[in-house]
Amino acid sequence: MKTFLADIQNEPAPIPLDINRVGIKQLKLPLQVLQKDGGLQHTIADVDLSVDLPKEVKGTHMSRLLESLLEKTLLLSLQKVKELLFTLRSKLKAQVARASFNFPFFLDRQAPWSEQSFLMDFTVQITGILEKNDLCFVLEVRVPVMTVCPCSLTISEQGAHSQRAIIKLTAKIQKMVWIEDLINIGLQAGSVPVYPLLKRGDEKKVVESAFANPMFVEDVVRKAAFLLDKVENILGYRVEVESFESIHNHSAYAIISKPIKEQI
Amino acid sequence: MKTFLADIQNEPAPIPLDINRVGIKQLKLPLQVLQKDGGLQHTIADVDLSVDLPKEVKGTHMSRLLESLLEKTLLLSLQKVKELLFTLRSKLKAQVARASFNFPFFLDRQAPWSEQSFLMDFTVQITGILEKNDLCFVLEVRVPVMTVCPCSLTISEQGAHSQRAIIKLTAKIQKMVWIEDLINIGLQAGSVPVYPLLKRGDEKKVVESAFANPMFVEDVVRKAAFLLDKVENILGYRVEVESFESIHNHSAYAIISKPIKEQI
Amino acid sequence: MKTFLADIQNEPAPIPLDINRVGIKQLKLPLQVLQKDGGLQHTIADVDLSVDLPKEVKGTHMSRLLESLLEKTLLLSLQKVKELLFTLRSKLKAQVARASFNFPFFLDRQAPWSEQSFLMDFTVQITGILEKNDLCFVLEVRVPVMTVCPCSLTISEQGAHSQRAIIKLTAKIQKMVWIEDLINIGLQAGSVPVYPLLKRGDEKKVVESAFANPMFVEDVVRKAAFLLDKVENILGYRVEVESFESIHNHSAYAIISKPIKEQI
Amino acid sequence: MKTFLADIQNEPAPIPLDINRVGIKQLKLPLQVLQKDGGLQHTIADVDLSVDLPKEVKGTHMSRLLESLLEKTLLLSLQKVKELLFTLRSKLKAQVARASFNFPFFLDRQAPWSEQSFLMDFTVQITGILEKNDLCFVLEVRVPVMTVCPCSLTISEQGAHSQRAIIKLTAKIQKMVWIEDLINIGLQAGSVPVYPLLKRGDEKKVVESAFANPMFVEDVVRKAAFLLDKVENILGYRVEVESFESIHNHSAYAIISKPIKEQI
């Protein structure tokens, strides 16, 4: 009879090459995120956990990755991600540990005229990377805005094309930067932010504000980079704006990047 | 030694229930589509093939579905889909056969001022259903357009929000209706169509035309339905318009449906 | 100066055609779902709300759809969806109201040998439809399972191909059917269910159970339909199984449907 | 009357920051790809074109990006991408030009026993980057394979779980490397490749081969990296394997990377 005592993972690797990252992804998990106001917000994250693997060892122990979550992450904050990384590294006997959480984050958004509030979602990703004595985080937020085309506004007798655009802000940090602060930069960087609930008077105000502030994707990406440059504790960033052009079937986009290439 | 002569599929079903459809999907295949002008267009389709299965039989023979393609569908036309359906039904010993092809279809689109041409894609789906003596087709096209909001245009001192919207036209037919004719209805049903390549003078003309023709999703869905009502050979249809609102993070949509429910 | 008192939506429709559904979709919202054990579960839903619109009226009032949510749906249960539908119908002066919520739902899943527990997600959709005096619900769950191919197991000297498959159960109901009960049917209908966390002894047990219970998609769809037939309060159903074949780059699938065509 | 002679793009930038990349994406285009055997293959690509923009200038001229395509890319080969990059750079008065094409590529795949042939798709991406005097290409292919779990095979009385996995090979090159050669490495790196059309005798042979060659994602990523190490003209690479585990609802993955971080 076969036995499950055999530990195939611990056998020598048939091809002795170091593996940069091995782990699990597309794991869904409900958790709570720490807000700037100290409150906690329920959300559901796509989780990605990985460690490195030295060339001598055939395989890692995937189930231990999930077990580390049980101990450390019902609550999501930079501190908790840090603890998780140390747990991963020790449980998996690794040098490098990496954990990433991608989730919707909600803010109450108030309409500018009626002042009615409603929740709106922003996609957020928090990644922690622990490598030797080096610990860093990559914080990413996606903020939808409206853009009005300045060229179109200047040359047309009436009107100008407008559209929804997504600003993706990615910041490499070592100390605390709040999700809300990054989102706030995005909200200021388009012609206007978008809103969940608008009454007629709100719609009038939003559209008039947008047409008073026409912006190309080039203008948006520069505005966001300009605002990011003022934020403390950011070691590097990448801003990408994608605008779903209403006169075309394709997107316009622009990117400004200050050395940040956290891919591997 | 085991033998592959065993035909498990032909064994009796452990639970004797009729199966409406069994087959394959997510199969990609390059093929050529017949154009209205008689020309052929190269494209790549997602293919979905299925047959029914009586309650006595355990399983169908999936590989025969693919083999039917070899014989019948380097070329895609209603006639070829019809031949494929008869082949499927006889090869699989079935009562009902169904084949669906989803693919990008390109038309040359001319800019309204510079008259420069460029190809633009429309997503098309052709489905054929053969059931006893009944043969019908469901033709679906997706046409991107621009919409300008009439409410916003009326109440704002300057401007109005505009956005890209997708019109999905689904028509049940027994006789020939051309893909190009359905796309053409979509192109007329928004504030303006969208274009691949626009020079500055084109952009001016497109935006001015759009602002002279503001439409809610309600207006667009009615315009498309009104135009479809005039087309011969359409037994039933469904029009869905989804507008990616530039002032919101969600979509507005509207549907008009004349009895067509080809789901199963 | 322009005024926002103008109510463009209430003007007569330029093309007098009834609209089956008009509303919003792709709206994300955090909410709580009622569990069978009486507890509440935090989740995040994609929301789709619509009403009909008579041919005389140009447009509906989209913002009222969102306002109805404010009053009625921090909590999601059939009772709450019913209340929302009545609110939508009266606020929008409509005959037909429809509300749909698509969200991840988590169950604690215990590994069969180690008995370790971990949460696993199932995608659920609850749709409520109110038409004149007719109120019904469509409940849909997606359950991932493992399938082992019976043909492959019979003809191969060693092994058989296995893969992940998704069972989608859609039930039309008028009285209460629990999400957990539908998921439970899915969990029983594959070769084995899949699990979030498995230790080595669990993996042995799961694989041996799966190989003792080989099933085609045809077997899975029949097993699920057979189990659904025994559930009270189900007026109609549709079962679809899609298997991501490990020997192919395409899917195998099967569908059994008892009159249910809730599309429009 | 307003004039379209105004060239808003050429005005000074309100915020003087260099932009790394500005352009268009999500543009679909039919084209032909050069095969290793000298033949041409029709496909449909998602196109992404961008240039840099100095801090003095407000905006780029997006329509010229599309016009460059008209001149240069009915045919896709490294030589043609190179010509396109030089055209982009001169037409847009830029220092850096970048062009990326993502498309399905088909190979005839022969079943191992019946020897029946059928086309199978592989997703390919060709990116060209021209920066000052530096020209390089990034070639990426995705190859689906089957993996059989070695642990599961050792500990189970009968069977082992298998699943579809995707190997993504990304290579930075300056001289020619054929798409077919990269795909070929992927086809050798799993337990077995997957096939489009298999008869019963083929299925037996494929499954038996796979069970004779069990591999973790760790084994697959090492095998692919080992084979890539032998290919000439590769300056750096990244191999990622994602396995859609049949016993779980999440993926296992592994990455080996030799300095390549072409993101910006």
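Read from first to last, the chains carry the letters A, B, C and D; within each, the first residue is number 1.
Going forward, a residue touches a chain if its C-beta (ideal position, glycine included) is under 8 Å from a C-beta of that chain, and two chains touch if they have at least 3 such contacts.
In this text the structure is predicted, and so the values were computed from the model without any measurement.
Asks: What chain is the most remote from chain B, judged by the mean position of CA atoms in each chain?
Replies: The most remote chain is A.
Asks: Tell me whether chain B and chain C, two copies of the same sequence, contact each other through the same residue numbers or different ones, using over half shared as the line for same.
Replies: same
Asks: Return the chain pair with more inter-chain C-beta contacts, choosing between C-D and A-C.
Replies: If we tally the contacting C-beta pairs, C-D comes out ahead.
Asks: Measure off the straight-line distance from the CA centroid of chain B to the CA centroid of chain C, and report it in whole Å.
Replies: The computed centroid separation for chain B versus chain C comes out at 24 Å.
Asks: Between chain C and chain D, what is the separation of their C-alpha centroids in Å?
Replies: 34
Asks: Mind checking the centre-to-centre distance between chain A and chain C? Centres are C-alpha means, answer in whole Å.
Replies: Once rounded, the distance between the two centres reads 28 Å.
Asks: Can you list every residue of chain B that touches 2 or more other chains, as numbers and ranges?
Replies: If we look for residues of chain B contacting two or more partner chains, we find 2, 4, 27-28, 121, 151, 155-157, 196, 198, 200, 203-204, 249-250.
Asks: Write out the stretch or stretches of chain A touching chain B in their complex.
Replies: The contact residues of chain A facing chain B are 120-121, 144, 146, 148, 151-153, 155-164, 192, 194-196, 198, 200, 203-204, 206-208, 210-212, 244-250.
Asks: Report the residues of chain D in contact with chain A in the complex, numbered from low to high.
Replies: 1-4, 6, 8-9, 13-15, 17-28, 50, 53, 58-60, 62, 150-151, 154-157, 216-219, 221-223, 225-226, 238, 242, 249-257, 261, 263-264
Asks: State the interface residues of chain D toward chain B in the complex, per the touch definition above.
Replies: My answer: residues 2, 4, 7, 27-30, 41-44, 63, 66-67, 70, 104, 106, 116, 118-119, 121, 196-201, 203-204.
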